[in-house]
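Mind having a look at this structure? Questions to follow.
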Amino acid sequence: MERGADPERRPTIEYANFVIMLLVALGIGIVAVLASALLGPKKASRAKLMAYESGNDPEGGGVGTGQRFPVHFYLVAMLFIIFDIETAFFYPLAVAYQKLIPFAFFEAITFVLLLLVGYVYILKKKVLEWA
Amino acid sequence: MVPTTSYLALSGILFALGMIGVLTRRTAIMVFLSVELMLNAANIALVAFARSWGDPTGQTAVFIVMTLAAAEVAIGLAIIVAIFRKRETTNVDDLAALKG
Amino acid sequence: MLQPPDVSLTPLLPVLIVLAGAISSTLLGFWVQRRTLTFINIGAVTLSALSLGLLWNRAASAFGGSLQADNAALLLAFVILTGTLMTLLVTLDTAWRARVSFPEFDAMLMYAVTGCLLIAFSGDLIVMLIGLEIMSLSGYVLATLQGSRRAEESGLKYFLLGAAGSAVLIYGIAFVYGATGSLNYAAIAEKTSVLNPENTAILVGGALLMLCGFGFKVALAPFHQWTPDVYGGAPTSVSLFLSTVVKVAAFAGMLRVFGGALENAPGWHSVLAVLIAATLIVGNLAALRQTNFKRMLAYSAVAHTGFLAMALLGTPQVGGAALTYYLLVYTLMTAAALAIVAALQRSEEGFSLLDMRGLYYRHPAYAVALAVCLASLAGLPPFAGFFGKYLVFQAAYQNGYAWISILAALTSVAALVYYLRPAMLLFMPDRTPAREYSLGQRTPTTLTVALGVVGVTALGLLPNIWYSWVANPAIWTLLVGR
Amino acid sequence: MNSFTDWLPTLMIFLPLLGSLLLLVTPKTFRDEVAGFIAALTLGAGLAIWRGGGSDLFRWDWIPPLGITYSVQLGGVSLALALVTALMSFIAILYAARRIPNPGPMLSLILAMETGLIGIFAAQDLMLFYVFFEDALIPALLMLAIYGKSGRMAALTKFAAYTLFGSLLMLVSIIGVKTLGGSPSFAMTDLKQNLVTDSAQTWLYLGFLTAMAVKLPLWPLHAWLPDFHEQNHDSGVPDVMGTLYKVGGYGIFTFAIPLFPDASLELRPILMGLAAFTALYAAWIAFRQTDWKRLLAYAGLSHMGFVALGVFSLNETAVIGAMYLLAFQNLYTGALFLSVGMLQERIGSLDTRVGGVMTQAGALGGLTMALWFASIAVPGMAGFIGEFSILLGAYQVSPWLAFIAGITTIAAAAYALTAFQTTFWQARPAGSVTLRDLVHTEWLILGIPLAVLVLFGVYSTPALNLMQPAVRAVLTALGGN
Amino acid sequence: MPDLIATLLISLLKAVLVVLGLLTTFAYMTLIERRLLGRMQLRPGPNRVGPMGLLQPAADAIKSIFKEDLTVTLADKLVYTLAPILAIGMALTAFGGIPAGPAGSLFGENPWVYNLDAGILALLALTSMGVYGIFLGGWASGSKYPMLGALRSSAQMISYELGMGLSLLGLLMIVGTTSFQGIVGWQAQNGVLLLFQALGFALFLISSFAEVNRTPFDLPEAEQEIVAGYLTEYSAIKWALFQMAEYVNMITASAVMATLFFGGWKGPQVLNAVIPGISDWPIVWLVAKIAFFLFLFIWVRGTLPRLRYDQLMRFGWKLILPLALANTVMTAAFLAFRGAGGLWFLGVLSLAGLLALLVMSDRVRVLWNQPTVRRPESEAVRAGGD
């Protein structure tokens, strides 16, 4: 079915294809940026290079200066990590699900119930509120 | 087929880098990232060994380790953020209220 | 129509009960007061302890041997649950003052205990690792939960070093897996008895890495640096928990791994001996210099790690019994001592040694109890601490580590001095105003302290009460399962 | 033998402890009486055992899996020492009740310590011995902690550190004796049949010896002693108990010699030398003291050098003498500490150079002098028989060392009489307050020990009869001299 | 060996073709979108450059390349440059894995660039990487608005990523493979999955809208709220690259939905009766389905207003996530208990669920619509304490 590859080597070939795709895709971006850098005009002025703050002179800012933002974003990030990992666990189970019934069913239910415990907890903790 | 020793060498290098990071870095975040590096070194080793034994147990172990890493991230970041918001530093050396 | 899967959950019963307590704390916390939760958890812990009796001598196992409810696990679980019970009782009184009185505290505590039990019940490295991490992660949160600068600092230190320790441990697991091709204790033990030379290097490397990882968890020198800061900086009830239950569980893991799976693996014994020697010296000498009682207890916990680990140098049959005996005693005396600190301290820093002067004339019962705990920690007969020390000395001695025994005896002198100094201070008459909380005596704390003191005394006078349970060598030869 | 006599030693051991616990709940008004009654009862139990000619070995498996037994026996040397302990505890309680303002804890501690001490003498199991050995320490420390003077913390630390340093090495040795010898238990009867041989024996002996040398005490492990006595309560009561706690000679005699026969023969010259040196050195230091407590401490140390000399010589006469001296020096050293306490109560100082006490407190002076005579081994007093036997026996083994020790007796006379003279006889400084002489129980407190000393100084047969068979039994195990 | 090199060269060619195709589609998408929106809003839209405005995309492209490329002073230069490249790279790569026809149907070659067993997983992973582009872009700008915008966008995208991932679980349980080819094959035999996973599809569709930042979830570029979000400091080609990435993601999302729920590159089997083999024609069907979804994207943009940020987050966490879980459990339970019966009942269940949701929409809306009053911090801490 596959051209030029015995079944043994097929995955490797596919990964090579993947890398080629990735390189081409990134290459397009790089080429575009380079083209613009070469072709575009360069007439920078101080005002032009200032960060935009609705027309006022920018205060502070800059990378890594410890700008503060609502702690909520941290919470979302953490919740995401946790739930995403849960999802990652669920994928193999889902793929193998039909072969593993009935064990997998109880497994899945237990898993979802545990997940729900955490979900109810964050719900009650009002982590999911943005006000 | 890439020999197992190559994978091990890679994982060893990663682990050593992580170790060096833990020992020399002074920012909590960097120490923490180094720890993650070490965990991934362990993952590589596990997968490499799993392949050489032809046994999927090692791969499931990687799954567990990834979860652990995620849980560690969540809790570790929470602690680091809590400290950072209070005192604007995560330099481990600045934490000296409890001195030995 | 649908057959439930053929998984026996009975061996999991103690773990599940505790987990149920944890989950109920998580959810019920929104509707009921924390004290109620604590009572529920006390009930759960008691039930779990009872269920241990149900499983006794059944040698049940589940999940293809990944979970072992053998007698070794049950005994270790009993020690863990005892420590938990004492912690819970103490928090009934002190959590409010320590500003950790929210449901999350109980929930994290119970999750940690779930992890601890999993370690004790583990039948392969993965289950052990999962338990260890549940325990550690909850521990990090517990240490930080108070939200004070000190607590946060201790939490961060605990976390960073603990995470590094875990990473090393996991790397070790990977290597052990690489050498033996299995993560199951029994299979590892089988493989390690006959090894081809090329794998030996990997095995030794893995064993040593795991040793380092566990060294972090149980605070063996030179991996102990976090201990004083964490035990000293965390709220006292948390220190109590961390220095008893968590340590017991970590040792349970060590016993399972080193006494069981890697028993025949070469190399780690001598390294462990060196680590123990370092721990004994560092822990005892550093404790000698402390002026804060809580911090002193933290260093003493390090020193005790050295003693406890000596049991691992013995053969599993002798060492396992010695370790388990000592662990219970250690839990009782440490928990009681810290319970008194928690009840009397003005701030979570505990109190300085000088504050203890004349405590006997202000809180006679607590002072006597504290003195008993200290004497037991010091290893003075007839308190149980003595037999604990004796047993581990013997275990190491019989397996050819006489020099460790002698070193331990010598460093014990330092230990005795730093334990006896506060003990004596308690009884020195003092005219200066009291520097501790004056309304100390409350029922739950008193109960904890009584449990500790009576336990320590009873186990000292009649060690067989507990030792006859643990002494059967058959329990410890089967550390890996069949 | 009926079952009651079987239980008598156990009763004698634990009766004081019970009393000690009882005191915690006794109302203040009866406290003294209860304590005295318990102490007297203990003494009575001891005398009952003596009348029955000593008790048999009582053995009960305490902790079977560890081979630790509860084996006790009071007879021979151990009975004599237990009796002396009971007597001196009784006297200490009498004085403590009279002298100390708030004696409750002190009385409890004396009784608790009595249990430990009698236990030490009665134990016929190494582990049990160790347990009692450590137990006696705690009350001693507490007495120092509660009633001591300003420098007590340092003294306490020193005392504890020395004692425990020794005892932990002893513990390692104990474990070694059982493990290497392959004995099924720690009971002496079993251990004697499973002796450790060769060089291991020497090492274990050294470990054991360290503990005993601290407790003897033997130079250079004696440094805790003067501080301990100096910092203790002025009344001298804790010092009495401290003196009783100097059980090193007994430990070596009962346990070390039977268990390490070869090693004790091998190390005999060195140890005897050390002992003789200790005796002389302590006497010399005592000579320079100006504080009664320190002086007595060094005097006691000097006597202990004698005891050690006797025990280490492994000669029957000397060993009997040593045990005799060990028993009776408790009486006079203890009584002297109490007399010093009385002196301090009257003049408010422990200085040896106050002068002129005799003129106002003749009875105190007289009894003290009599006790000093006992101490410097004046014939007719029990101390003489002990020291003489030791010198006699030691001479057969090593004349030179005996000679050195002999000098000590002269030195002892010198320091004792000098100090006594400057305190009691010399002219009294002008403007001093008048001193009260002995009153009430004080007569008994100094009189009873003196009476006993004189009695056994003149009529030593009962005591010797008690000790001789025991000593002979131990030494025959060595295979002769 | 030459064989191998040939294979790789062909892959390279295909990759370039896919990339160029996508870029062209993107370019004309912008035009089509503007025209369509214009039509919906009763105005002409761009019609000046070339016939019917057909040259407008070319003009835009030329303009963005020749514009001045600014990098603000406080920016982290390297990351600032890499972020758009990362965004477009990941977006383009993701598309390469979608099969457009049966194996060997493209002049003897496979009509896809790569075909991994973990097809869906790889795709989800790649699209997740897009978040890095957005976040790093905002962060590296070293300015306040981009930072806030980036945070908001990342939070939004990761939140909906959960719903997206979870809503596929039911599908995976039914099919039992993550390979696109496998899924397409399964649908050819058993009917399109939309029939059995209507609820799952609805959730996936909504999540996809949020993932690609389209109305009504186009908060990241909500000009009225936080200037232009993470894009504020970007200009010229870098700005264009971000736009490009967004549109490419949209195309990919359309392709994924077509593949997973609408039978992929296969046409309806019934048409085989009319023209034999029509359902197996490569590319045609897929393009048609993609076009349909693209039109849907535009249509929605022309119809719905934008959500408020708090509504958006609550919608994701409180509705999509639990519903996705419920869908999973429902499917799992059905599969476990169905015995020998067919799948049709699951389809009914799923549809019923979706309908119930629609009927109850007024009740459900409370979940995300009503702003809750935030308690003071101190009170929140004490809650539940004793």
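Per-chain residue numbering starts at 1, and chain names A, B, C, D and E are given in the order in which the chains are listed.
We take it that a contact is a pair of C-beta atoms (placed from the backbone, for glycine too) under 8 Å apart; a residue touches a chain by one contact, two chains touch by 3 or more.
A quick note: this is a predicted structure, and the numbers were derived from the prediction, not measured.
**Q** Given the two chain pairs B-C and A-B, which is bridged by the higher number of C-beta pairs in contact?
**A** B-C
**Q** Hey, which chain is the most central one here, using CA centres?
**A** The chain sitting closest to the overall C-alpha centre is C.
**Q** Could you give the separation in Å between the centres of chain C and chain E, each centre being the mean of its C-alpha atoms?
**A** Using C-alpha averages as centres, the distance is 51 Å.
**Q** On a C-alpha centroid basis, what's the spacing between chain A and chain B, in Å?
**A** Their C-alpha centroids are separated by 20 Å.
**Q** What's the distance between the Cα centroids of chain A and chain E, rounded to whole Å?
**A** From the centre of chain A to the centre of chain E is 13 Å.
**Q** Please work out the Cα centroid separation of chain D and chain E, and write it as a whole number of Å.
**A** Going by mean C-alpha positions, chain D sits 92 Å from chain E.
**Q** Can you tell me which residues of chain A touch two or more of the remaining chains?
**A** Answer for chain A, listing residues that touch two or more other chains: 77, 84, 102, 105.
**Q** Touching two or more other chains, which residues of chain E qualify?
**A** Those would be 336.
**Q** When you check chain D against every other chain, which residues touch at least two of them?
**A** none
**Q** Show me the residue ranges of chain B that touch chain A in the complex, using the header's touch definition.
**A** Its residues touching chain A are 63, 66-67, 70-71, 73-74, 77-78, 81, 84-85, 88.
**Q** Show me the residue ranges of chain A that touch chain C in the complex, using the header's touch definition.
**A** So the residues of chain A touching chain C come out as 102-103, 105-106, 117-118, 120-121, 124.
**Q** Over in the complex, which chain C residues touch chain D? Could you list them?
**A** Per the touch definition, chain C meets chain D at residues 375, 380-382, 386-387, 390-391, 393-394, 397-398, 402, 405-406, 409-410, 412-413, 416-417, 420-421, 424-425, 427-429, 462-464, 467-468, 471.
**Q** Quick check: in the complex, which residue numbers of chain E touch chain A?
**A** 3-4, 6-8, 11-12, 15-16, 18-19, 23, 64-76, 79, 81, 84-93, 96-97, 103-104, 108-110, 113-117, 121-122, 139-145, 147-148, 151, 154-155, 158-159, 161-162, 165-166, 169-170, 172-173, 176-178, 227, 232-233, 236-238, 240-241, 309-310, 313-314, 317-318, 321-322, 325, 328-329, 332-333, 335-336, 371-375, 380
**Q** Hey, which residues of chain C end up touching chain A in the complex?
**A** Those in contact with chain A are residues 2-5, 7, 23, 26-27, 30.
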